[in-house]
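Pasting in a structure now, in structure tokens, and then I'll have a few things to ask.
All chains are identified by letter, namely A, B, C and D, in their written order; residue positions are counted from 1 within each chain.
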Amino acid sequence: MSGSINRRVTRYAEAIAGIGDGATILLGGFGGAGVPLGLVAAIAEAGLRDLTVVSNNGGSGEPDLSIWLAGGQVRKLICSYPKSKASSTSSFTDLYRAGKIELELVPQGTLVERMRCAGAGLGGFYTPVGVGTALAQGKEVRNLGGRDYLLELPLHGDVALLRAHQADRLGNLTYDKTARNFGPVMATAAALVVAEVDAFVALGTLDPEAVVTPGVLVDRVVTVGAPR
Amino acid sequence: MSGSINRRVTRYAEAIAGIGDGATILLGGFGGAGVPLGLVAAIAEAGLRDLTVVSNNGGSGEPDLSIWLAGGQVRKLICSYPKSKASSTSSFTDLYRAGKIELELVPQGTLVERMRCAGAGLGGFYTPVGVGTALAQGKEVRNLGGRDYLLELPLHGDVALLRAHQADRLGNLTYDKTARNFGPVMATAAALVVAEVDAFVALGTLDPEAVVTPGVLVDRVVTVGAPR
Amino acid sequence: MTPLTRDQIARRVARALPDGSFVNLGIGLPDLVPNHIPADREIILHSENGILHLGPRPPAGQEDWNLINAGKQPVTIRPGGSYFDSALSFAIMRGGHLDISVLGAFQVSGDGDLANWSTGAADDIPAVGGAMDLAVGAREIWVMMEHSSRQGQPRIVRRCTYPLTARAVVTRIFTNLAVLVRTEAGLVVEEIIPGLTLAALQQQTDAPLLAGTQAGRGLAPLEG
Amino acid sequence: MTPLTRDQIARRVARALPDGSFVNLGIGLPDLVPNHIPADREIILHSENGILHLGPRPPAGQEDWNLINAGKQPVTIRPGGSYFDSALSFAIMRGGHLDISVLGAFQVSGDGDLANWSTGAADDIPAVGGAMDLAVGAREIWVMMEHSSRQGQPRIVRRCTYPLTARAVVTRIFTNLAVLVRTEAGLVVEEIIPGLTLAALQQQTDAPLLAGTQAGRGLAPLEG
């Protein structure tokens, strides 16, 4: 073995290289846990525009998705919970009320399952969630086995930006506590998968039983605090 | 905390109590890895009849599913690979050629995904696997996003019988290497989930990051070598 | 005749949780339940963001912001807890693996319809989070809420006027005035605060009520 | 004019695997590939039963029967390997996350249809395993097989007569006589064993062949 595979990049600029205007970005995290803040900052600095962002939350006023919103970088948000306690003053609220951003509101479990569907090479699935509600509008309702379900379609990203705990050069990832959340599924659902990690470790350090995201799903790894 | 929850049972008879004739049993394992041989023996000894068994393999001549087949306990097998090297002499082959057993042949990835679908409370999913083949017969074909898919429906069990590595009294499970295979998904897809484990450990021993099957999914745990 | 306080409602709910049950507590009023779980009962709490067996908030200064609950507040994990990703977390919720989901609500109908995610106001920022997932799948869906709105409008209604979260899901309602169970026959009042008559309760309730006694069940005093 | 041996076909396939690629090897002929991977190349092998970065069979007596491959044979795991459940394993296969899936076959059509799971014989025990999943999803589907059947029948055909595994999936075929690539225009012969003419190869092939030279590619000698 030559050890020719190396997912590690040393600068944030390298980590986001090739991501263009108009990209669909799957952004990891639930609340403040699992958001790759360094990658978020790099995308803000790169000034990318016209982004479609898939994120469970809509930004909290911290230097998270909020800075893309404030910078006018986001055309459309696909999200389960765009509100935050800072809502009344948040960029999302302003943009939304001004009709300057498109919102696709998706129940959280449907959001993650649509990404899993994409990552698993499936064409769609039927869920009971949302039947008979305003979020069923425009969706196929189908009775299967005596129960009504909505047809939901896969949600692919051009890029996934994730926060993980440890990584090795093959791209294997572990996560830290509830910062795991959307990471493992988003890693399956995007053409380019970039993880920001606490620590880069030597090959063989990670227990094969405890690897959560196998390296086959990961393209680039950057360590928190790497230079721009 | 009183410590009132205890998934552990001390005898195999207790582990399979309440499983009746005609049950649909999800049986873990791929080849010889992950098959709960003690539970298999207990079901054989109990003489249950008319079983529908969901298993990736059809028995190898070892004291696995083969003994249920030989005992005439199985009415129907839902399976991806019923053949084995011992096929020419296996119980399944004899029963199948004699028309004494029903076979539902399912591609392996569809088999596991149908159980996941059941366990996740979904109503069905579209897969590209099997389109245009003999295994698509009788299935709905649907074009979604320019590609053809088959509609596949959830596969529930009355019981799942699994082999795991370690367990605690809440029913949390870890697995050993490739013996993991179908276990984590089968644990989501049955009304009663029973795991046979190498070791029962004190609460707090298992790393919360490394638990593969959370205890909420597990009803009973029996240790390998427990008395009948 | 004293309506229960919010903490007393939480105490009543906590007493109703069976020993050994796996429970998801929604945000809002259900947040108060953990403080009241009897010491001799083992209840395993689940949170949608991927954790089982949550413990209480850690002491100030010991918060770990990678260890939070669905309300984004720091929590702890108890021995025997586990972490998992959002896909498995929602499979646990939607797949019927939790015993009980306890939710706050704006309105509940006599048919068990639930409205708890949107006021429907024009300037409301729509946000559903896991509300619709939580309302579908657990073996029992319990609601805890004030019996009437701040404006004095009944919250237990014939038909929800707020946007629905899910249809025909709620099995039990705990308010500051009563405990109600949904049955085939309709909403049955099982407990009522001492001094309040069923007739007076009905006046504050839009959906028709049956007394526990009518349904062959007792009508017990509600105690917090 | 000497057809390649089975090991030589495996060696040709192994040389074609790009450095750093993630590959699933089917059972049968593809089993031989790992023995021939050049030492300076890092190829990560996946097996459907839930493992990445398989290593070789352990020495006799050191087998761990919980550490097996899709062929149910004992293997080892290399540093940087991982275990996962069948759901994720098949998501990796079906979701397009593997670079290459290398499969044995009974027949391949000029349109890339694959038949490799059943002879269709009446007394055959039907068994599909992961064959249909493996044939769908990887970025490239390669087939390695003898050019003709033991009975001398062409295996590269206009239309498969054996039951199909998947339609229009095969991108490259390695046989004991040639290497073929499926293009928009048809099957292009890229390499042929020295001494065999394209005309002679066509005689042993039911599907029409194009020379690499016709398609603007070179027609190179096939070396094992």
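Keep this in mind: a contact is a pair of C-beta atoms (placed from the backbone, for glycine too) under 8 Å apart; a residue touches a chain by one contact, two chains touch by 3 or more.
Bear in mind that the values here come from a model prediction, so they are computed numbers and not experimental data.
Asks: So which one's got more C-beta contacts, B-C or A-C?
Replies: Greater number of contacting C-beta pairs: A-C.
Asks: CA centre of subunit A versus CA centre of subunit C: separation in Å?
Replies: 30
Asks: Whole-Å distance, subunit B centre to subunit C centre, using C-alpha means?
Replies: 35
Asks: Any idea how many Å lie between the Cα centroids of subunit C and subunit D?
Replies: Taking the mean C-alpha position of each chain, the two centres sit 56 Å apart.
Asks: Two or more other chains touching the same residue: where does that happen in subunit C?
Replies: Residue numbers touching two or more other chains: 77, 83-84, 90, 93-94, 136-137.
Asks: Multi-chain contacts in subunit A: which residues touch at least two other chains?
Replies: Only 113, 116, 120-122, 127-128, 175, 177, 208-209 qualify.
Asks: In graph terms, with chains as vertices and touches as edges, which category applies: line, ring, star, complete, or other?
Replies: Here the contact pattern is something else, fitting no line, ring, star or complete shape.
Asks: Once the touch criterion is applied, which pairs of chains come out as touching?
Replies: Contact pairs between chains: A-B, A-C, A-D, B-C, B-D.
Asks: Taking the complex as given, what residues does subunit A use to touch subunit C?
Replies: My answer: residues 30-34, 56, 58, 80-83, 87, 92-93, 96-97, 103, 105-110, 112-113, 116, 127-135, 175-185, 212.
Asks: Quick one: which bits of subunit C touch subunit B in the complex? Just the residue numbers, please.
Replies: Touching subunit B: residues 19-20, 22, 39-42, 44, 46, 52-53, 77-84, 88, 90-98, 136-137 of subunit C.
Asks: Any idea which subunit D residues touch subunit B in the complex?
Replies: Spelled out, the residues of subunit D in touch with subunit B are 47-51, 64-68, 72, 77, 83-87, 89-90, 93-94, 118, 123, 125-133, 136-137, 163-167.
Asks: Which of the residues in subunit A come into contact with subunit D in the complex?
Replies: 1-5, 116, 118-122, 168-170, 172, 188, 203-204, 206, 208-209, 211, 214-217
Asks: In the complex formed with subunit B, which residues of subunit A make contact?
Replies: The contact residues of subunit A facing subunit B are 113, 117, 120-128, 142, 144-145, 147, 149, 153-154, 174-175, 177, 207-210.
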